[in-house]
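Step one of this worksheet: look at the structure below.
Labels for the chains are A, B and C, by order of writing; each one numbers its residues from 1.
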Amino acid sequence: MSNILLRGRGLTRRWGGLVAVSDVSLELERGTVHAVIGTNGAGKSTLINLISGEIPPSGGSVELLGQDITRWPQPRRARAGLGRSYQRNTIYPSFSVLENCRLAAQARFQRPWAFWQDAQACTDSVGAAREAAARAGLDELLDRSAGLLSHGQKRQLEIAMCLATAPQVLLLDEPLAGMGAEETERMLALLAELKARHAILLVEHDMDAVFRIADRITVMVNGAVIASDTPEAVRTNAEVQAAYLGGH
Amino acid sequence: MDRSKLAFVVAAFALLAAFPLVAGAYGIDLVTKIMIYAVFALSLELLVGSTGLVCFGHAAFLGIGAYAAVLLSPQDAAPSILWLLPACVAAAAAYALAVGALSLRTKGVYFIMVTLAFAQMAYYVVHDTPLGGGTDGIYLYIKPALLDKARPFYFFTLACLGGVFVLLALLLRSRFGRALAGIRVNEQRMRATGFSTYPYKLAAFTISGGLAGLAGFLFAVKDGYVNPELLSWHLSGAVLIMIILGGLGHLRGALIGAFAFALLQEFFKSEAVFGGFAKHWHLGLGLAIIACVALLPHGLVGVPGQIRARLVGRRTGVAR
Amino acid sequence: MDLTTFLIQCLNALQYGLLLFLVASGLTLIFGIMGVINLAHGSFYMIGAYMAFALAAPVAATFGGGFFSVLAVGLVLAVMLGYVLEWAFYSYLYEREHLQQVLMTYGLILVFEEVRSLLVGDDVHGVAPPPLLAGTLPLGELMTYPVYRLFISGVCIALALGMYLVLTRTRLGMMIRAGSTNREMVQSLGIDIKFLYRVVFAAGVAIAVLAGMVAAPVSSVYPGMGNLVLIICFVVVVIGGIGSIRGALLAALLIGFVDTFGKVLLPSAAGVLVYVLMALILLWKPDGLFKAG
C-alpha cells in the first residue's frame, strides 16, 4: 500500500489572462512535512485552494488516497480525509473551544434528521472533539470562549478543528502567522507530533521553522515551481537563492 | 436554555394562557393576531437569526398558507384541521423549496433581492389572476369546526405558538441547528470541515417557509378572509423588523418583537393619540423603525445587557 | 401582429428597458461604490415623477418656464436632496450590515411615502409632455409613434453615456472607482472620501429623480410607482450579474422586451413574466448573465 496520500499533477489556475498557478505537481507522503515556500503572490494560497477544492483548477488533477478528486467539491474532499487550516483564524469566536472542535467533528457524524437530540450530548462528536483538542494542547481550555483565547491559542484551535475531522492529509496555511517565539516552539512541537500520523502540506513564511521541520521543500515563483527537493538541496540551489532567499 | 431565559418564556406563556380570563373581545382578538405574528416571526428567526439568510420575501409563504386554507376548503362543509393545516404548511413549504432552490444560488445582497422578487411574483399571481380573487380577496366559506369561536381559536393559536417554539428550540440545539449556526458564522469554514452547506440552507429555508404557512393558515381561519396584502412586502418588512426589534439570534426575541411591533403599530394608528394624523401612521412607524435599528442593534433582548454595561461602566468610572 | 405594430412595441420595449437601465444604474452605482443597498431608491423615482407634476405650476408662475425648466429645477432639488440625505442619514449606513441597511432604508420608504402624501396627496396624476415633444412621427402608412417616447430613450442613452465617460475618462471617475475598491488608499492620497461619497450619492439620487421626471408623461404619477420600479431594478441587477454594467443593460432591455410583449401577447400573466425570466436565468446562470465586467 502506497504511503503517498495525496498527489497533485500539473495543477494550473488561470484568471482571465493571468496565470496564478502554472503546472505544479507535488506528492504528500504519510510521515512527512512538505513545505511550500515562495514570495508574496507566488501562488501558494491559490495552490492550497486548488488542492482543498475551494476553487476549481483550469488544468491538472488531484488524487487523494488513490482516488481522483479533481471534480469533487470541497466538503466531499474534507469528508474523504483532506483537512485544512487557514492563514486567518476561522474559529467561531462565540462558541467554546470544545464546541468549535465538536462542530468540526460533527461533519463526520451529521445525522441532521435527528432533530430531538441535543448536539452537545452526542458522544461521537464530543469524543472526537476532546481528542482533537487534547492533541492540539487545548485540553485545559475546553470551556473557554474561543474569542477570548490568545493569538497562539487561537492558531492551536485552528489546528484542533482540522484534526477533529480525522483527516489523513493536513493542508496548513501559515499556522505560525503572527506568533511569538515561545508559541512558535509549541506549534512546531505539535507539528512534529502530527507528522507521524498524517501527511502535511505546510505553506509558511517563517524560513527557520520551515528548514527545521520540513522533509521536502517546494519553491514557487510566479505560480511555477522552480525547485522541489530536500531542504539542504533547496538551500544551496542557486536559482532559489537568486529568486527568493538572497534576493529580498 | 439557561434558567432566567426559560423562566421568562414560561412566564410569558402562562400570562398568555391566563389572558382570556381578564380580557374582552377586542383584547382577545388583538392578542390572537399578535400570537400569529409571533409564529410568523419565529419562522423567520430560523432563517435570519439562526442561519444568517436575510430573506425579504417571507410574506409570500404566509400568504400561500393563507390562500391554501381558503382555496382548499370545501364550500359546503367545515374543513377538518387534521388535513387542512398540514396541507397549508405543505403548500407554503413547497413554494419555499422552489424559491430556496433558486435563491440560494445567490449570496448576500443578491439573495435579499431575489427573495423579494419571488415574493412579488407570488403577489402578482394572487393579485392579477382569477386564482387569487384579485384585490378583493376571497372569503373562507366555513371555518374549521371548534375554531370558529374566538376563545377556542385563541387557545389553539397559543398551542401552535408553543408547539413552534418548542420545535425550534429542539431544532436549534440539535446537530442540524448547530450546523446552521456554524453556517451563519462562517460558511466557508463549514464547507472546509466537510459540511455540504446548500442542503442545510435549503432545509432551513423550506422549514421556515412551512412554518410561515402555518401562520398564514391561522390568519385565514381567524379572519375568515384573505387578500393579496398578506403577500405584500410591507408584511415582509414588518416581520423582519419584528425579529430585529426583539433581538436576532434569540427565539424569545421573536416573541418580544412581535408584541412590540404590533403595539407600536397600534400606537401609531390610534386616533386617540394622533387624532386625524393617525391615517399617516406609516410616518411614525418608519421613523420608529429607523430609530430602533440604529439605537438597538441587539434588539430589546439586548437592552438589559446594554443597561448593565452602562451601569458597570459608570460605577467603576470606566470611560465609555 | 403586423410589422408596424411589432415595430411600435419594439420601440416601447426599448424605451422601457433604457429607463430601467438608467434607474438600475443609480442603484448599482450607490451599491457598488459605497456598499449600501438602498431600498428607497424607488422612492426617488417616485419623488421625481411627483415633482414633474407638482412643480409645473410654480415654475410657470415664477419664471414662465415649461417642462424643461421643471426638469432643471427638479435636478437641482434632487442634487440638494441627495447631498443632505447622504450627510444626515446614509453616511451612517456604510459600516452597517446589509440587514440593517435594508430595514433602515425600508423605514425611509415609509417616511417618504407619508411626506409625499402630506405634501401632495395620494391621487394619480397625469403630466403633459412639453409641446415641443408632444408630436408624433409617422411609422408606416397608418401608424404614428410619439416623439416623446423617443426623447425618453434619447435621454437615457445620453445619461448612460455621460456616466460611462465620467467614470472612465475623468479624474473624478477614477477617484470614484478607486474609492470603491480601496477606501483607505484613496484617503491616504489626500482625497476627501466623505465628499466623494456625497457626490456619488447625490448623483445616484439625481439620476433616479430625473428618470422619474422624464417618465412621468408616459407612465403617469401614482403612489406605488416607486416600489414597483425598485423591485424590477432588483431583477435587472440579479439577471444582469454582479457588478456588470453590460449585464445590467442587457438585462434591462431583456426585461423591457419580455414585459412589453408579454402585456400584448399574454396580458393576464404579464406581471409574472419578468420573475419567471429571472427564475430561468437563475437556473441557467446563478451569477447572472455577466460577471463583473
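Everything that follows uses one rule, which is that a contact is a pair of C-beta atoms (placed from the backbone, for glycine too) under 8 Å apart; a residue touches a chain by one contact, two chains touch by 3 or more.
What you are looking at is a predicted structure, and each value in this text was computed from that prediction instead of being measured.
Using the mean of the Cα atoms as each chain's centre, the chain most removed from subunit B is A. With centres taken as mean C-alpha coordinates, the chain found closest to the middle of all protein C-alpha atoms is B. Put simply, the C-alpha centre of subunit B and that of subunit C have 32 angstrom between them. Put simply, the C-alpha centre of subunit A and that of subunit C have 48 angstrom between them. Taking each chain's centre as the mean of its C-alpha atoms, subunit A lies 42 Å from subunit B.
In the complex of the two chains, the subunit B residues touching subunit C come out as 48, 54, 56, 102-103, 105-106, 108-110, 112-114, 116-118, 120-121, 124-125, 127-129, 233, 237, 240-241, 244, 280, 282-283, 285-290, 293-294, 297. The residues of subunit B lying in touch with subunit A in their complex are 170-171, 173-179, 181-182, 185-186, 188-197, 200, 203.
On the side of subunit C, the complex with subunit B involves touching residues 31, 37, 92, 98-100, 102-104, 106-111, 113-115, 117-118, 227, 231, 234-235, 237-238, 242, 268-272, 275-276, 278-279, 282-283, 286-287.
Here subunit A touches subunit B in the complex through residues 52, 54, 73-76, 78-79, 84, 86, 90, 92-95, 99, 103-104, 106-120, 122, 125, 161, 164-165, going by the rule given at the top.
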